[in-house]
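Read the structure below first, then the notes.
Think of it as A, B, C and D in the order they're written, each chain with its own count starting at 1.
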Amino acid sequence: MSPAPKVKKLLNDPDNAVDEMLEGILLAHPDHLVMSDEHHRAIIAKHGPRPGKVGLVIGGGSGHEPTFVGFVGRGLADAAAIGNVFASPPPDPAIACAKAASGGEGVLFMYGNYAGDVMNFDMATEMLAMDDIEARTVLTTDDVAVENLERRRGVAGNFFIFKAAGAACDKMLSFDECERIARKANAHTFTMGVGLTACSLPQTRVPSFELGPEEMEIGLGIHGEPGVRKGPLDTADAVTDEIVDKIFAEMDPEPGEEVAVLVNSLGATPLMELYIVNRRLNQRLKDRDISVHASWVGPYCTSLDMSGMSITLHRLDGELTGLLDHPCDCAMFRAGQ
Amino acid sequence: MATLNGADFVALFQAIAQMIERERDHLSALDGVIGDGDHGVTMSIGFQAVDKVLANEASGRTPADICMLAAKTFLNAVGASVGPLYATALMRAGAAVKGKSDVGAEDVADIIAAMAAGIEHRGKAEPGQKTMVDAWHPAAEAALGAKAGGSLKDITAAAADAGRAGAEATGSMVAGKGRSANLGDRAVGHIDPGAASAAMILDTIAQWASERAD
Amino acid sequence: MSPAPKVKKLLNDPDNAVDEMLEGILLAHPDHLVMSDEHHRAIIAKHGPRPGKVGLVIGGGSGHEPTFVGFVGRGLADAAAIGNVFASPPPDPAIACAKAASGGEGVLFMYGNYAGDVMNFDMATEMLAMDDIEARTVLTTDDVAVENLERRRGVAGNFFIFKAAGAACDKMLSFDECERIARKANAHTFTMGVGLTACSLPQTRVPSFELGPEEMEIGLGIHGEPGVRKGPLDTADAVTDEIVDKIFAEMDPEPGEEVAVLVNSLGATPLMELYIVNRRLNQRLKDRDISVHASWVGPYCTSLDMSGMSITLHRLDGELTGLLDHPCDCAMFRAGQ
Amino acid sequence: MATLNGADFVALFQAIAQMIERERDHLSALDGVIGDGDHGVTMSIGFQAVDKVLANEASGRTPADICMLAAKTFLNAVGASVGPLYATALMRAGAAVKGKSDVGAEDVADIIAAMAAGIEHRGKAEPGQKTMVDAWHPAAEAALGAKAGGSLKDITAAAADAGRAGAEATGSMVAGKGRSANLGDRAVGHIDPGAASAAMILDTIAQWASERAD
């Protein structure tokens, strides 16, 4: 068997992909984003950080765009620390972000619960303490596919969790309050995804895992890692039902509850399929007497060119609804007002 | 018995970097099965960066300083899981031989043990969790076991043998740390990529030692 | 040789894909969109049409989402007529759209220059005349890859052309003015795209054309049709240069000019690659002393799951800049203010 | 000579619909080479819709009314290029036999000619531009040529033969209309999908006629 042809990508030297992408992002969004003076992988909101405000720093590997850098902007994150593709950023960019985001009231580090990110951001926290900047960490763990609670990953639901925390910071709430809200938003967010094809890294250009022509990965992370299990690919409705059943089992919603919805493309799955999923999702929500306050459908947290999607439900109450509706203006995302 | 100076450490890092380049795609493929497919890429980025910095900035430095410089360089070039793990390992390695301009065979045993301890500390991992600790931990024990009176060749060979066996043993383990921890039984039957590269590093050290007039 | 495995998609009965998608869209965007009472494939802006305003109706085949339906909303299009996948809508939905959009001052039909769309919308225009609604057509023809001017297609640059026309209508300008502006915006818009892989229809799930592992299609439309020629896949910078050279040759910009930029994904190409393209594009613009007023980078006009991208330059002057900056609030797109 | 009534027209539409289902993937593949790959899908959607509507609503109608109903149904189910083209063709067909409850062989020649004229009018296309006109136009000429004294079988066979030859001839043409017009020489060597399906429709009509006791 001859080796499979390499996956085609529009790249120059793949080792420069992340830095060239950042250059392109800064050129496209000069009104929203600036590069930190201290580190070229620390991207700062032009109109975010200000004295008296708790700073919100998000970050993680590249390849998930618009997550993380696209959610930097007034009303959401003050800065994003950018790693290589699917690799946590090292401490230095996180430190540069924290310094830029700091308004003297402390800095929240928020990122997905992955071993690498935890180690790097924890090293950054230790180093910042020496500069008298207190950084606290709120890990996102919205992936309900994983049974072991401590191992739950942060996936597309980051979107809602960052949004709530960003709004809390923008409203100039105290460090304790911002941290409390971030943890609450995380506890109120439930995601599960399926992958139809693997993605491929710029450096390798080969699919990162093997999947049969009638198979899908169920409960996968956002780095092209395999899911918790493989299953047969089914209709959009059946796949939606499988995900919704799992989320409902976890969240156990009461009739009359209100949620916000994210139907997220992992990259290559087009809007047509996402909206077909959203149709079924709404049928299922209606059946449980759950109302939808707002919906986002599209590529919000991707795994490069992977085909597949995830569903997130963000359980609302008065406080979280207010934070969700709070305006934000980011390079790749606007909401509210 | 011969001792190792700063230039020897630079040569050793270079040998490791060259080995990683050769194994890059293989390591990524291993990581594709149970992780996110980039382990060869992360290791390559890290050791290429170290190699480049050492080529320019290492002359006249002690082994300890070289380890510290390599640690900082690796960390900031890579991030990921392996950045903090190997950065901590290399910082501990430097601390273990601090102040010495030449290190002997016994120091090398201490270095390997310090690296293993650093990785375990940073990763909060223990043997049996299907990580690079499963290569580094037995390698450290073997190195310390061969330390008393052992030659550089004996010590590094003992570490490499133990590391190789440890990496192979990860094949039958369920993962307790890292990305593959969420795969449960699906990870069984596949060797942990971080343990595999650890064994290769240990092997490169042993080969390099055996090729030296001892 | 065994037949290639079918492309995986999240669908139910593929014949229902368009209608199920529309259901999912209406459920996701109830504040922006409603279905016409007269036709289920006529989607109307909730806050768009009003007496005295020229109505703007856009439309075309499905599979290009967020084009066309995502650009329906106040400040942009009043309604979109929705066809089957890559197939012009028939006259009936276009007629229903025109009736809903009509504020008594006439209706603009705007869509890409494809044989099928022209025939169907022209039939709609004839039938509307019997109801005393005057519909005028402005075809979009931004695809500079085609040499024959009459055969130029409307592709991703629709985005800027619809935006200018929508703003003109929203500002309550006269029918003649709105038509003049629409034609001017079209003349000021230049697009060219490349395809790296073919897309596949829900009904067939096989790639619509064959392409070698090192080839790309150059100058392709947005329906998965082949381009004007095949060429070797090159680096991101080289591909960008090839497109920019062609656009510059066509547009012949003067030093000091200002443009708006769209780097568009055809579906599966991720943001990382688009921003790498945007980096090179900005280098090229800077070299010609052309400044960038605003940039959009992402999937704005897609061909289902095709991998590839297009670049559009929208040549600005005082009038077009004002129209571009005019606020709009659509289901899948917001700008201005 | 036998005449055709409304029920015969319904049966004929059914035969065409069944043929298109069989040829669906083949026609889409033809369109994939020089168009957007959906011609089998558009024709299938259209004739399936016609077949369904006629099964429910055609009883008691004249051939002309059935053509009109088919035209409207096809148009609104399909859109695309073929929607207006075949809708116009079928409206003209209906107009050609307006008021008659039975149509004879000569009427069928007029119907084929009317359809060709309708397509040419709607598409603003002429023979030689690599479209369905290249099948319909010679078919119409052949049908009119066989009209005087010709049997239903003769007329439809003449149309089918000419249509088939016309469709095959599109292989060597550069396109002047439709999506493939932008391909230039790249379209040469490939048959136009719309001409291919037109030839198949004419062939189905001829076969259907030859199977009837004439």
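Everything that follows uses one rule, which is that contacts are C-beta pairs under 8 Å (C-beta built on N, C-alpha and C of every residue); 3 or more make two chains touch, one makes a residue touch a chain.
Just so you know, these numbers come straight off a predicted model, no measurement behind them.
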Inset, instruction - Look at all chain centres (mean of CA atoms) and spot the one farthest from the centre of subunit D. - result: B
Legend entry - Whole-Å gap separating subunit C and subunit D, where each centre is the average of the chain's CA atoms: 32
Inset, instruction - Report the inter-chain centroid distance for subunit B and subunit D in whole angstrom, where each centroid is the mean of the CA atoms. - result: 73
Legend entry - Where subunit A and subunit D are represented by their mean Cα positions, the distance between them in whole Å: 53
Inset, instruction - Report, in whole Å, the distance between the mean C-alpha point of subunit A and the mean C-alpha point of subunit C. - result: 28
Inset, instruction - Mind pulling the residue numbers of subunit D that touch at least two other chains? - result: none
Legend entry - Residues within subunit C bordering two or more other chains: 85
Inset, instruction - Counting only chain pairs that touch, give me the topology of the graph as line, ring, star, complete or other. - result: line
Inset, instruction - Any two chains that touch count here, so list every such pair. - result: A-B, A-C, C-D
Inset, instruction - Quick one: which bits of subunit C touch subunit D in the complex? Just the residue numbers, please. - result: 15, 61, 83-92, 114-116, 119-120, 123, 145-146, 148, 151, 153, 198, 200-201, 203-204, 206-209, 221, 223-226, 228-229
Inset, instruction - Show which residues of subunit A lie in contact with subunit C when the two form their complex. - result: 5-6, 8-12, 17-18, 20-25, 27-29, 62-63, 65-66, 70, 85, 196-197, 202, 213-214, 216, 233, 235-237, 239, 261, 263, 267-279, 282, 292, 295-299, 302, 304-305, 307, 309, 332, 334
Inset, instruction - Would you tell me which residues of subunit B are touching subunit A in their complex? - result: 25, 28-29, 32-38, 40-42, 45, 75-85, 122-123, 177-184, 186
